[in-house]
Each structure stands twice: as C-alpha cells, then as structure tokens.
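Shared chain: chain A. Partners: chain B in the first complex, chain C in the second.
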Partner chain A sequence: MNPSLKFLLAVLIALEISFTNTWTVNLGLAVIGLLVILSSRPSLKRLVLLFFVPLIPAVALAVAILLQSNAGIHFALVLFTRIYAYVFVGSAATLTTSVADLVMSLEQNAHIPSKFAYGFLGAFNLLPKIVSEVNVIRAAGNMRGQALHIWSPQLYFKAILASLDWSENLAEAMTSHGFSEDAPRTYFKQIRIRWWDWLIVIGSLALLQVALFGLHLQ
Partner chain B sequence: MKYSNAWHLRDIILLTLIAIFFGVIYWIIGPLYNVLTVALTPVGLGPGANDIVMGIWVMAGPLSGYVFKKVGSATLGEFLGSVVEMFLGGQWGASTMISGVVQGVASELGFTFTGYKRYDWFSLNLSVLTTTIVTFGWDMIRNGYSKYHIGLLIALFIIRLISTWIFSGVLVKAIVNLLDRTHLMQTQTR
Partner chain C sequence: MATISVNHLSFSYPTEDGQKPLTLADISATFPNGGFSLLTGPSGSGKSTLMKIISGLYPKFGGLITAGEVRLNDTKISDIPETDRGQLVAMMFQNPNQQFAMDTVERELIFALENQCVAPADMMARVDRALDYVEISQLRHRQLNSLSGGEKQKVALAVIIAMQADTILLDEPFASVDPVARQLLLAKLSRLQHEEHKTIIISDHDLEDYDAYIDHLFVLNDTGDSLVLLNDKAAQQKMATFKRQDTSNQQLLLPKKTDEPIISANNLKLTAGTSTLLTQPKIDFFQHHITLLTGANGTGKSTLLLAISKLHQYNGSLLLNQKEIAKIRPNRLYQQVALVFQDADQQFLNVTVSEELALSLKNSQAPAYFKDRIPKFLEKLQLTQLQDQVVYTLSGGQKKKLQILEMLIMATPVLLFDEPFTGLDFSSLQAVMTIMKQVAKDCQQTMIIVSHQLFGLDALVDYHVTLENKQLQYVEGLA
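Let's look at the complex of A and B:
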C-alpha cells in the first residue's frame, strides 16, 4: 500500500477512536492491526514487547477509572482496548514501512517540498552518530566529574552545538553534490498511488463508520 | 531583530537533528515512564506518571520555537521529535504523531499569542501555560481524564503544570541562555 495513505489511514483511525466509546470496535481494530503486523513477520522479541508494553498504560488507565471515578467498568474497558487499538494500528503502519519509502512517498504523492524531504532524510541517517554523541557528551562530563542528567542544560546545550556543526556540514555537502532547494527533480524510485490504495482508505473508513454507528444504535 | 520566515535546507537539517536528539532522549525516558506508571497503578494514580514526565515530552517544541523564531517552528520541532520517536520504536506507533501535533500546536500558541515578536521569559511562560491547557484537554478526551473526580483532576493539572514549567520553562530558558552566550544563533539561524 502507498506509504503516505497508509499513515494517513492509521492516524485517522486513531483520531476517530479517541472520540468514540465502543470497546468491541477498538478490539476489532487491534486484531486487524495485529494481523497486519504478523504478516510482516516481526521478531518474537518485538511481538512480545508489542503485547506487554501497552499493558502498562492500559492497565493504569483502566484501574484509575475504576478507583477514581464513577464511570464504571464499561468505560475502563473502552480505555483499555483503545490503547491496544492505538498501538497495534499505529505499529501496523510503522513496522511495514521504511523511513526512506515514507519520505519519498510524502515528496512525490503528498507534494511536500523536496528540501524538507531530503533535509529530514539526510539528518535522520545521522541517527547512529547522534546516539553515540549523546554517550560521548555524557562520558566527557563524567571525566570531569560532572554527571549530566536529563535535567542538565549542558547536556542539551552540547547536543545543540553538535547539531549546529553537523547541519552546516551536511547542508554544504548536499549543495556541493548538486542539491538545489527549489529546482524540479526527477525520481529514481517512483512511488504511485494506485486506485486500490484509495479503495482501501475509503473502504476501511466507511466500514469503521458502519461498525461504530451500527453498534451505537443497538 | 527581524527574522526570516523561510526555511532553508540548513534550518531543516538543524531542526531535524535537534528533534532526533530529543527523540533519543524521550526514548531513554520511556522506561522511566513505565516504572512510574507501574508504581502508581495500584492506588489508581497510574495516569499521573504521564503528567509527571509531560514536561520532558514537550521540551522540543518551545526550544525550537525559541531557537528558530519562525512561524511554525515549535509545531514542526515537536512533530519531528514524535516522528523520530516513532521510527526509533517508541511504544505508540503512528499514533505518536497525533500527540506530536497536539503538543506542537499547544506550545506554538504561546508564541502565536505574542505575535512571534517576543522571545523572552514571558512568551516562554505563556507557552508553558498553553501547552499544559491544550495537552490536558486532549487527555480529558483521549485518556478519559474527564471522568475523574474533580479533586484528582485538579491535582493532575497542577502536577502537569509544574512539570511543564520546570522542563519546558526553566530548563529551556537555561539552555537558551547558554546558547545566547555563544553568539552562534543570531547569525546562523537567519
């Protein structure tokens, strides 16, 4: 499926179930999300995490409703299943799409300016460097007997200085390789929106409305 | 000082890099949030963990708003932070982006209300206030906060306000003060 539309659909579904209170629909969405995730053959470790990590906020919200409000067991169930629907539908989109595909699709199909697409992609590929930079900054602090915590301004300050340096270098490197901000581009990898992409988006949203209203009227 | 509103390749890369740094930091925070939630759940106060760490989650917004001084920079910074967190394998998948937009717009409002002209303690505090109100409103709908007893509701709001003030107010101001002393930002973010 087209990456832009896939993410649009996941976000629209998450938005809609934030405002509705039908736990069976939430459960159904979670199951569908899970099936999509399973079809991408994730590792067992990831699957276990997917099940257990949402359990923490889901239980917390449900218990809080039972103990701290008069909303009752039904609403607790709604919140519990809503968290799982969020996580499974959301992960169904992220686990089946690479960053590069999503960015290219956003550029070609959603027409975001190419400077945003390639600027983001260029920076994103520095991710491993950034993780190690955070460790370097903390190690450098430790060597001088200065422990840097999550609340230390120096940690962020040094991170921003490194970002300033790298962004300058990366932007110059991209420009010297022939990237110009608003010039028309051709694409090595073409990403198209097919008719069935629209069919899936519109069909799923229509089904969701039918399910929500149908169960609401009962 | 007058700032340009156009985004250039260098600004976009810088904003993404800052967002990634924060994404990495949020990702480190994840376990802390989970431990806090587990600890508070038995007394029915699990959602309070969300309010305690809220300030850390929304830091990227006011910081980018302050550093770039452009219309939309706070929203974009916070949103990119959430996208990065999503691809790092944060626990929420694509739904993270909704929180990112809500938090981004929430912190942006503080700068919008001052017409993008004031970048000082006042606009930062205003941003803290709008962030707290808007994200709290969103949690009232999404996480069912609206059903809690009024006492708990007020307590959660105050916890969130304090957390946001400490991290997105005081800490962001401290970072910006350090940056100002380097004199790197005035020339480079134009």
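Let's look at the complex of A and C:
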C-alpha cells in the first residue's frame, strides 16, 4: 500500500476512536493491527515489547478511572483498549514501511517540500551516530578525569554541538551533491498512488463508520 | 572545460563582537583549464576556505567575502544557479564522514543524479560506470557508516564522476587514506584529467607522491595574504623537499623476551557489521614502548584501538594488566588508557584553548611535570597566540596539535593515537613527534600509534605491528 495513504489512514482511525466510546471496535482495530504486524514477521522481542510497553499507560489509565472517577468500568475498558488500538494500528503502519519509502512517498505523493523530506531522512540516518556519539563523549570526559553523568549539562552541550556540526555538514554535503531547495528533481523510484490504495482507505473508513454506528444503535 | 580565476579575494569569518579578521586577504590566481593543480600551504593558512569559496559553499554556509570575487569562465560563482553548479564544480571534503546524506552507497549516487534531473532510465548506467571507474562495485549496497575513511573517499569520488562535474575540487582528500588507496585515487584523477579533460584542484599540505601527476603548484602563505603559482623550477625544489623519505630499508627491532606485556589479546575477534576484521590467536603490546600499527584502509586498526578503549565490542579476550577490558569499569579503565581520537572535535570538552589546557592540567597524573613545560610546548606547536580562541574555530592542523598536547598532559599510562598526524604540516609534524617522544620517556608511557604517514616515525617508534589478512604481526621493516 502507498506509504503516505497508509499513514493518513492510521491517523484518521486514531482520530476517530479518540472521540468514540466503543471498546469492541477498539479491540477489533487492535486485532487487525496485530494481524498486519504479524504479517511483517517481527522479531519475538519486538512483539513482546509491543504488548508490554502499552500495558503501563493502559493499566494506569484504567485504574485511575476506576478509583478516581465515577465513569465506570465501561469507560475504563474503552481507555484500556483505545491505547492498544493506537499502538497496534500505528505500529502496523510503521513496521511495514521503510523510512526511505515513506520519505519518498511524502515527497512525491504528498508533495511536502523536498528539503523537509531529505532533511528528515538525513536526520534519521544520523540516529545511530548520535547514540554512539554520546558514548564517545562520556568516554572522552572520563579520559580527561571528568565524569559526565546522564544529567551533566556538558554532555548535552557536546551532543548538541555535534548535532549542529553534523546538520551543517549534511547541508553542505547535500548542496555539493547538487541538491537545491525547491529545484525540480527526477525520481529513480517512482512511488504511485493506485486505485486500490484509495479503495483500501475509503473502504476501511466506511467499515469503521458502519461498525461504530451499528454498535451504537444497538 | 573551465578556467577558475580568483581576483583580489578577501574573506572573513566575522567574530561575535563584530570584527572581521581576514582569513584570506587580497589573493589572486588563475587555475588553468584542464590542468591538475595542487594548492599547498601550512595548516591554518585558509586552503579549505578557498576551496569552499570556489565550490560555492561559502559564503552560503559561513563567512563573508569582503572584497573581490571568484569567476568560473567569466561568470561569478555566486551568479551560477545552484542547480547548474553540480555539473560545473564538485567537491570532495576533508572529513570523509561528513559528505553523504543517504544511508547506502547506491542511494547516495542516485540521490546526486536525481538532483541533476537525470532521467531515471539512465541512472543505473551512470552509477555502474562511476563505481566501476573507482573499482568499488563491491561496495554498492554497503551502509556508508560501515565504510572506512579511504573507502568513503572512493565513494565520494564515484559521486563526483557520476555527476560528470567539469571541475573537481579535493580538500585534503587523503588525510585518512592509506598510501595504496591514495595512489589509486591519484591515478584515477589523472585519467579523468587526460581522458575527459577535467580540471582538478587538490589542496594538501603534504606534497608526497604528487610530482608525477600535477601540472601547477600554487602556494598559499601562512597568513593567507599571498597565493602564488610557482614556476617549474621553484615547484621542483619545493616538491623535492617532500620526497617520500625512503622508509623501506629502515629497520626496527622486534620485541625482546624481557619486555613486559601491558595489553594482551587471546583469540581476539573483531567485527564491523557483518564482516570480520580481525581473528588473532595471540599478541602482546609492551609496556613503556611506542608501537606503530599500520595496515590498509578498512582493515580494522581504528576498531582495535576502540576495542582497547571499550568503545567497540569484541569477542575473545583482551587484557590490560591481566584484567579483562570489558569487565573494567569505565572510570577505572580511562585512568589507565586514553585514546586520541581520529576526529579532534570529539576530544574537546570546553570552549577555549586555555580552558581545555586547564582541564587537562587539573586532572593530570603528572601535573608538576607539565606545569612548567606547557608554555614551551605551546610555543613549539605555535599555539601560544591562540589561547583565547574557541577550539572549534581552529584549523584542522591546530585542532590536532591541541588535542595531542592536552592528551599528553593527562599522562595516562597507556595512550592510544588514531591517525594523530593528519592535517599537520612538516614543521608541526616534527614538533609534535619531538614532544610525544619526550613525554613518553619522561612519564614512562606506553603508546600505540595508528598512522598512515610514516615520515620520520623511525625516530619515534620502537616496534612496528602490521595488520594484514586479519592478523596482527610484529615486523622489522618500517615500510
């Protein structure tokens, strides 16, 4: 499916269930999300994390509602399932899309300015470097007899300095490789929106309305 | 085809208090069309600045042209639209880590071609040809982050070739490239000049190996106010002083039986990504000796230093004073081992030169020794006048000298150096080596030095280890 439309669909679904109170629909969405996630064959570790990380806010919210308000069990259940629906639907979109494809689709289909698209991609490619840079900064501190703790401002000063430096170099590198803001470019990998992409978006949203209203009427 | 003329150019990096000290002052020169020009000058003279002005990156990304101009075939560089510039001038940067926007080699090449609006159907042919030209087709799908410095510079050249730029600028491109890769890149550039009539300008402070290739030698003086084209005779003389010192018959000793090991590897295995760099049954590095470590690009020399500094994971055993390095707590380890990083910026913790020195002196293991000697060392390294300067605004060579000095001041028992001599001009190199030798002796330090540049090292090092075919081995010859 086209990456831009996939993310649009995920956002619209999340938005809609934020304003509805039907826990069965939330549960259904979470299950569908999970099936999509499973189809991408994630690692067991990732799957376990996906189940347990949302458990903390979900339980906290549900318990808070049960103890502190008189909204009742039903609302607690809605909030609990809503969190899982958010996480699973969101992950279904992210885990089945590569960042490069998403960025290319945003540029070509959603027509966001190319400097944002490539700036984002460049920054994303820097992420592993930032992690190792923080380790290097702490080691460099220790080598000079200066312990840099996770709360040391110096650690962040250095990290921010390094990032500023990289962003400047990234901009220079892109310019020297012919990149120019707002200039026309060609695309080696064309990303198209096909009729079935729209069909999936519209069909899914229509089904969601039917489910929500159908259950509401009962 | 392009003639580049620099006309009465003055350039400044304005300071915060509004002053405009001139980095380049009223310089003029013409880089001939289709020629292979070498721009040389001491560290900090403004070579990189001039290259970036010619490529059009400055003043867009920093600094200010206060007078004069640079013209490309009678058109001012600043008047050439950015979209057309890539086909006219392309640049290879000094720091190989900082010239790519994408994650893999192939995507970076495609990115550059997309920017030039090349038709998608033609892209693969141009990518194939460029990779083939530089003989790196096997790197095509590799992550750029996982490549060595020399491999990255080859990729950078491939991008320039794919972009079919008329003028190729290279800013100290060989600083972290071994001699074999350096020769390959120079030969490729020479072919581009002769067969495809490209104009090539390289800046380098080190003139070794160039005399077979270059047509013109330009010299920028240390204050950046004179740029002259040397005539053939003067050029020959200047090159001759840089002739590669014949290191092939310089002999070193092998370790003695009585030497005390301080770092010992047993069944050590180092990997980068999916490739194995080193499988070492057994090797020792010896206490109170200076050991040189050499090997081709990407063989894992830096990775070994990182492993000893606990910044890269390893398999097997790596002992420091009989203790497993992976099990030593970082703050303990770094009182015994310190690494002089390849990238000087990573070493700095403070803002100005004097703050950096003060921090080292405060935490030094031999403060009394250094307290009186620092002014003399600073003078030898020509850093005395720069004490109030922000470290990040120093030139590449000045950063390197400060970095080495502040790490020597720490007087850590084991000091590892990763390419400490890059970007240093001849006199700086001599000064740095003299100080290293003196400190190592007086403070009884153990040093391991990774270096491509071998000039004068016979006077500094005791032993030589080569890394070849995934094995470390002591050898007698220096080259």
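The working rule: the second predicted complex is superposed on the first by the 200 of 218 C-alpha atoms of A that agree within 3 Å, B and C clash if a C-alpha of one lies under 4 Å from a C-alpha of the other, contacts with A are read in each partner's own complex, and residues count from 1 in each chain.
Criterion: contacts are C-beta pairs under 8 Å (C-beta built on N, C-alpha and C of every residue); 3 or more make two chains touch, one makes a residue touch a chain.
What you are looking at is a predicted structure, and each value in this text was computed from that prediction instead of being measured.
In the superposition on chain A, contact of A:168 is made with both chain B and chain C. Once chain A of one complex is fitted onto chain A of the other, the partner contacts of A:206 are absent, as it touches neither chain B nor chain C. In the superposed model, A:100 lies in contact with chain C only, and not with chain B.
By the touch criterion defined above, A:89 lies against chain B but remains apart from chain C after alignment on the C-alpha atoms of chain A. By the touch criterion defined above, A:122 reaches both chain B and chain C.
Using the contact criterion defined above for the overlaid structures, shared-chain residue A:186 touches chain C, although it does not reach chain B.
By the touch criterion defined above, A:53 reaches chain B but does not reach chain C. In the overlay built on the shared chain, the residue A:178 is in contact with chain C alone; chain B does not reach it.
Taking chain A as the reference, the larger set of touched residues comes from B, when chain B and chain C are compared. Once the two complexes are laid over each other on the shared chain, residue contacts for A:73 go to neither chain B nor chain C. Residues common to the contacts of chain A with chain B and with chain C across the two structures: 118, 122, 154, 161-162, 166, 168, 170-171, 174-175, 179. Residues of chain C that touch chain A in their complex: 55-57, 60-61, 81-83, 85-87, 90-91, 93, 95, 98-103, 107-108, 110-120, 123, 145, 159, 163, 309-311, 330-331, 333-335, 338-339, 341, 345-347, 349, 359-360, 362-364, 392, 406-407, 410, 412. Of all the residues in chain B, the ones that touch chain A in their complex are 7-14, 16-18, 20-21, 24-25, 28-29, 34, 37-38, 40-47, 49-50, 56, 63, 67, 80, 84, 86-88, 91-98, 141-144, 147-149, 152, 166-167, 171, 174-175, 177-179, 182, 184, 188. The touching residues of chain A, when paired with chain B in their complex, are 7, 10-11, 14-15, 18-19, 53-54, 56-57, 59-61, 63-71, 75, 78-79, 82, 86-95, 99, 115-116, 118-120, 122-124, 126-127, 130-131, 134, 150-151, 153-154, 156-157, 159-164, 166-168, 170-171, 174-175, 179, 181. The touching residues of chain A, when paired with chain C in their complex, are 100, 118, 121-122, 125, 128-129, 133, 135-147, 154, 158, 161-162, 165-166, 168-180, 183-188, 190.
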